[in-house]
Amino acid sequence: MIIVLKPEVTKEQQIQFSEMLKENYDVKVNVWNGVHSTVLGLLGDTTQIDIEYIDAQDIVESVKRVQEPYKKANRKFHPENTVIDLGNGLKIGDGSLQIMAGPCSVESEEQIVEIAKSVKKSGATLLRGGAFKPRTSPYAFQGLKSQGLDLLKIARKETGLPIVTEIMRSSHIDMFESVDIIQVGARNMQNFELLKELGKIDKPILLKRGLSATIEEWLMSAEYIMAGGNSKVILCERGIRTYENFTRNTLDISAIPIVKKLSHLPVIVDPSHASGKSWLVEPLAMAAVAAGADGLIIEVHNDPPHALSDGAQSLTPEQFDRTAKKILNLKQSLNS
Amino acid sequence: MIIVLKPEVTKEQQIQFSEMLKENYDVKVNVWNGVHSTVLGLLGDTTQIDIEYIDAQDIVESVKRVQEPYKKANRKFHPENTVIDLGNGLKIGDGSLQIMAGPCSVESEEQIVEIAKSVKKSGATLLRGGAFKPRTSPYAFQGLKSQGLDLLKIARKETGLPIVTEIMRSSHIDMFESVDIIQVGARNMQNFELLKELGKIDKPILLKRGLSATIEEWLMSAEYIMAGGNSKVILCERGIRTYENFTRNTLDISAIPIVKKLSHLPVIVDPSHASGKSWLVEPLAMAAVAAGADGLIIEVHNDPPHALSDGAQSLTPEQFDRTAKKILNLKQSLNS
Amino acid sequence: MIIVLKPEVTKEQQIQFSEMLKENYDVKVNVWNGVHSTVLGLLGDTTQIDIEYIDAQDIVESVKRVQEPYKKANRKFHPENTVIDLGNGLKIGDGSLQIMAGPCSVESEEQIVEIAKSVKKSGATLLRGGAFKPRTSPYAFQGLKSQGLDLLKIARKETGLPIVTEIMRSSHIDMFESVDIIQVGARNMQNFELLKELGKIDKPILLKRGLSATIEEWLMSAEYIMAGGNSKVILCERGIRTYENFTRNTLDISAIPIVKKLSHLPVIVDPSHASGKSWLVEPLAMAAVAAGADGLIIEVHNDPPHALSDGAQSLTPEQFDRTAKKILNLKQSLNS
Amino acid sequence: MIIVLKPEVTKEQQIQFSEMLKENYDVKVNVWNGVHSTVLGLLGDTTQIDIEYIDAQDIVESVKRVQEPYKKANRKFHPENTVIDLGNGLKIGDGSLQIMAGPCSVESEEQIVEIAKSVKKSGATLLRGGAFKPRTSPYAFQGLKSQGLDLLKIARKETGLPIVTEIMRSSHIDMFESVDIIQVGARNMQNFELLKELGKIDKPILLKRGLSATIEEWLMSAEYIMAGGNSKVILCERGIRTYENFTRNTLDISAIPIVKKLSHLPVIVDPSHASGKSWLVEPLAMAAVAAGADGLIIEVHNDPPHALSDGAQSLTPEQFDRTAKKILNLKQSLNS
């Protein structure tokens, strides 16, 4: 951490401040006296230092971190990729490509089992489906809730596909015990109370990026889960909010290589929510794979016009089959 | 709601679709046949219709709402201003200006009582202070929690100022029983599970706008609370995330007159979080009052450089005193 | 175009307004009377209608375009892809992938000839290089100007690579006569006076997307050039400005399939400016190709640390060679 | 300027690099050796140093400016406010409030003279009006051009109000000789060739902020004009592009106090373009004055529904009269 002091700061103030820093944070402080200003360089573990606290000091002009504020999620301190083992040979983060597919909302046993079988045949390796749905309007369909979870388990039994589904409050964690991957939605990325609770369990967490979260904030939210002891975090880029409103969100394709560089955690992409339009799912999925994503999560519905939520962005099983083939071919050619 | 069908849609498809709309939503459907496309106009209560569901229909080119999707928060159905009565003659939304002031975090009895007395003398009518703190980093100070709530109550007893403080999870609602206004932070604006629970109690809720929430989404979150039966919602503009990073956020000053037009709910402004810099608090507060805000929420700390959070944006009691005087003078001259 | 009138509008006002529309714009007007509001549907060529003018009418509640406001750039009126022929069998927009490579700024004959030879060997089919440089600071290097153009021509002569370079003012058009593709930079995307002049010449124009231009505005700028008679427009996505500042800009990868759907013009990607970091160029270039781009424009410098501008995002010839190989392999596998 | 070197940099590389910096930029280089990294501190005039060039160095981890990159526009080197004297006692930047009012486009002699007389009576001190209009669509009305300039001069003669109007290309500068203030529109804020030409004349320039320009970029554009010798720059905040699309743009009210702190140049606000809606003009104008703006530029049209451009945001003369009264009252009360 580098701290630039204001021009008018006295020698005495500078010494006092340096002493405070050494005492409170167990860091070394190097002083460099310029003509116009004095610069302090802090050595040691500065992740514990609140940059805003330093910035608030009367005598401080500006502060700059040299180290990232996250530790457990940081590739510097954990150079090898985190690989998440889902059993049965299914791994996320090992260089393979996992495709999670399924409807936005679970609607009935027939629906979810049919889709599960269909996407499995097309190449999906996990089943996604919403039981609890975060909806902008209180009057919109909110999901089948615990019944939806039961239906997902039936579909898993029928197909062997592990299941991914979203949690919305920490008091539901018990209900999610037999879920394979628990998803945290974009709107809850900074629901810190929920993240803390998920840090206490031993289950993979799919952490979606917030609508307007920076990559650093996203990694800090992963850090919340990891700080509690759960290191099985999968990051999911799902589009960010920008001024462009042709698409619902703007897929930040750069996030994939950036996360790969800054962190050791796996990162997947959700082209369905990123675009909000079914005809954009395939080109965005292709781009994500070419950019190095560890997986994809794609909405598939047997009858998109009658989907109870997010129909506009769902593929039909036939469309998914064609898209999955292209994606898997691309992945193969990249590997060869 | 106006639905434009695709050019290739047949007469039969159009009739089928219209029938489905009438049945499912109890609306009337008017058909207008153009040369290139057919347009359907829906009459009746369309707030229950999921616009994305309609948009997903194969035969639909585009959809446009004529009505807003919120009802209870909508000025059209409730033309008079909502006035929230806090007792002792203190009202929010009646044309007066209420100033909520206090530290970002409650740190000790001495601190909070001293600040409370000081801000009261300067003209503040409510005391703000954080007991539970949402922090980007898991390693940062997270607040004094229930002890912080107790200290706020002591300060209220000493000064008579009602207290405003932030809630972070629904399981804490009981603890907040004697709080005067419960704040929902920007990061929880779409924590729908929390909003639903707050809809069940009878207490004013200060709903901060999310970092990248549209005004419509913000009003939809108010609608969540109101749909549950609690109509005492105060909206709080606290800056939105934009590309400009000189300030922490960009105060959307237009939100004040817009909310006033679309809704009957009171709206206040947080110039401290909007700017992140203490020297910007006064000009932004002045602007907010001139634009018609019903109140302000301002961070004041007796010792900003030693504040445990957000020091950079806190005013000292002396600075607050000067600023409050200017603000109150401005309000008076606007009323005269 | 669909116009929703305000609830209080009288029958007479509605008729007057409809008559005005018919007269002024030679359109048919269909009226649909709802319970709360009246809706007008306009038939005919509405691209000439200023949507803001309509929106300004006292009696208008809101307006919605059904047709896009661009015509010559619109795929609806020109279903086949525009293919731009650069001679020698080099075509842009025919399904092939063209790679434009070279330094941000032309610095010397030795430099540009050396880079040109090198990128050609690696697979580039066009040479890019800046002679006139738009720089944020008036004190930064502004390019070699006309001398730079001469050096580009020398490099073209030595290698046979057609040249792409940026124009900054319309009075320079004569100087650019023997340039193969004239580039309009992001900051000039809405320099309408320049666009109009470029519409009068018969030369391919590479139109970069503005920092915060919507796709519709970008296509409207293409329309400016095309309206003047020059239909040889190549669109170039180069990243948009968002709140995320880890990268200089955020590559909007969705823009590729969207432009392909809305327009018949070719679209290429600039991964160098989009990211501002050399290590991101390869993954973004791969993503662009997978998403369907017609070409890439990549910065290559023989000595990035001594580049007179934009060094941080330039590849060395060795890096470019490796990246180009991967890109060309990917393209081949997508075609097979 | 502070430069953090990469951990692996050798002593020798560091010395070589420091020598290069000293030689090329005539700065002193201070070295501070940390445990993990080495930091260089540059002393002297660093405005000439291209931060991207430094950032491109293989051995550089990151760079941070301590000084702002603008000099002539910087309050540090010019502490007193710049006051622009328009003659007849009319000054901008001296603590007074100047109101520029008039139609978006000049349409006829009758129109412009009538509006000029009317706005003068209401308190406006300058007349605005567009002769050359930048329009998104090539098919929209582009202004009366040189005839429009002539009509403005007639209106000036009739009322004594100085005139403000927009220039779109440098070849028009001669035509603008008798204009009192030349406006550079948002889309041309980084049309550097135009800025350079305007730096060579001796006439006040109203520089609108670009749609997505940072405050620093805006000040750098002012620096372009000032570097050429013309120090009469008036900055104009007119709303920035954000994700919120209820308004056409989002007025960045914070820009006023920030510009006042960073620069000595006057700053005014355009509430008409910032909102795009006439009913928002008054509250935004009030906010701007309360935040410290030196002036306002407001669209007024005698017949907004028939305005040839931007009607939706224009006030009628009667509305302007009421708004101007409130604004002037507010200004008076702030001064007292």
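Note that the chains are named A, B, C and D in the order they appear, and that numbering of residues resets to 1 at the start of each chain.
One rule holds in what follows: a contact is a pair of C-beta atoms (placed from the backbone, for glycine too) under 8 Å apart; a residue touches a chain by one contact, two chains touch by 3 or more.
Keep in mind it's a predicted model, so treat the numbers as computed, not measured.
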Comparing centres built from CA atoms, which chain ends up most distant from subunit B?
C
Could you put a whole-Å number on the gap between the CA centroids of subunit B and subunit C?
39
Per the C-alpha means, the centres of subunit A and subunit B lie apart by a whole-Å value of 26
Taking the mean of the CA coordinates per chain, how far is subunit B from subunit D in Å?
32
In subunit C, the residues touching two or more other chains are 212, 241-243, 245
Determine the shape of the graph in which chains are vertices and touching pairs are edges (line, ring, star, complete, other).
complete
Contacts from subunit B onto subunit C in the complex sit at residues 2, 4, 28, 30, 32, 34-37, 39, 41, 43, 61-62, 64, 66, 212, 241-243, 245
Any idea which subunit D residues touch subunit C in the complex?
47-48, 50, 52-53, 55-58, 69, 134-141, 168-171, 187-188, 190-194, 196, 211-212, 217, 220, 223-224, 227-228, 241, 304-305, 307-314
Subunit B contacts subunit D in the complex at 212, 214-216, 240, 242-247, 250-254, 256-258, 261, 274-275, 279-280, 283-284, 286-292, 329-330, 333-334
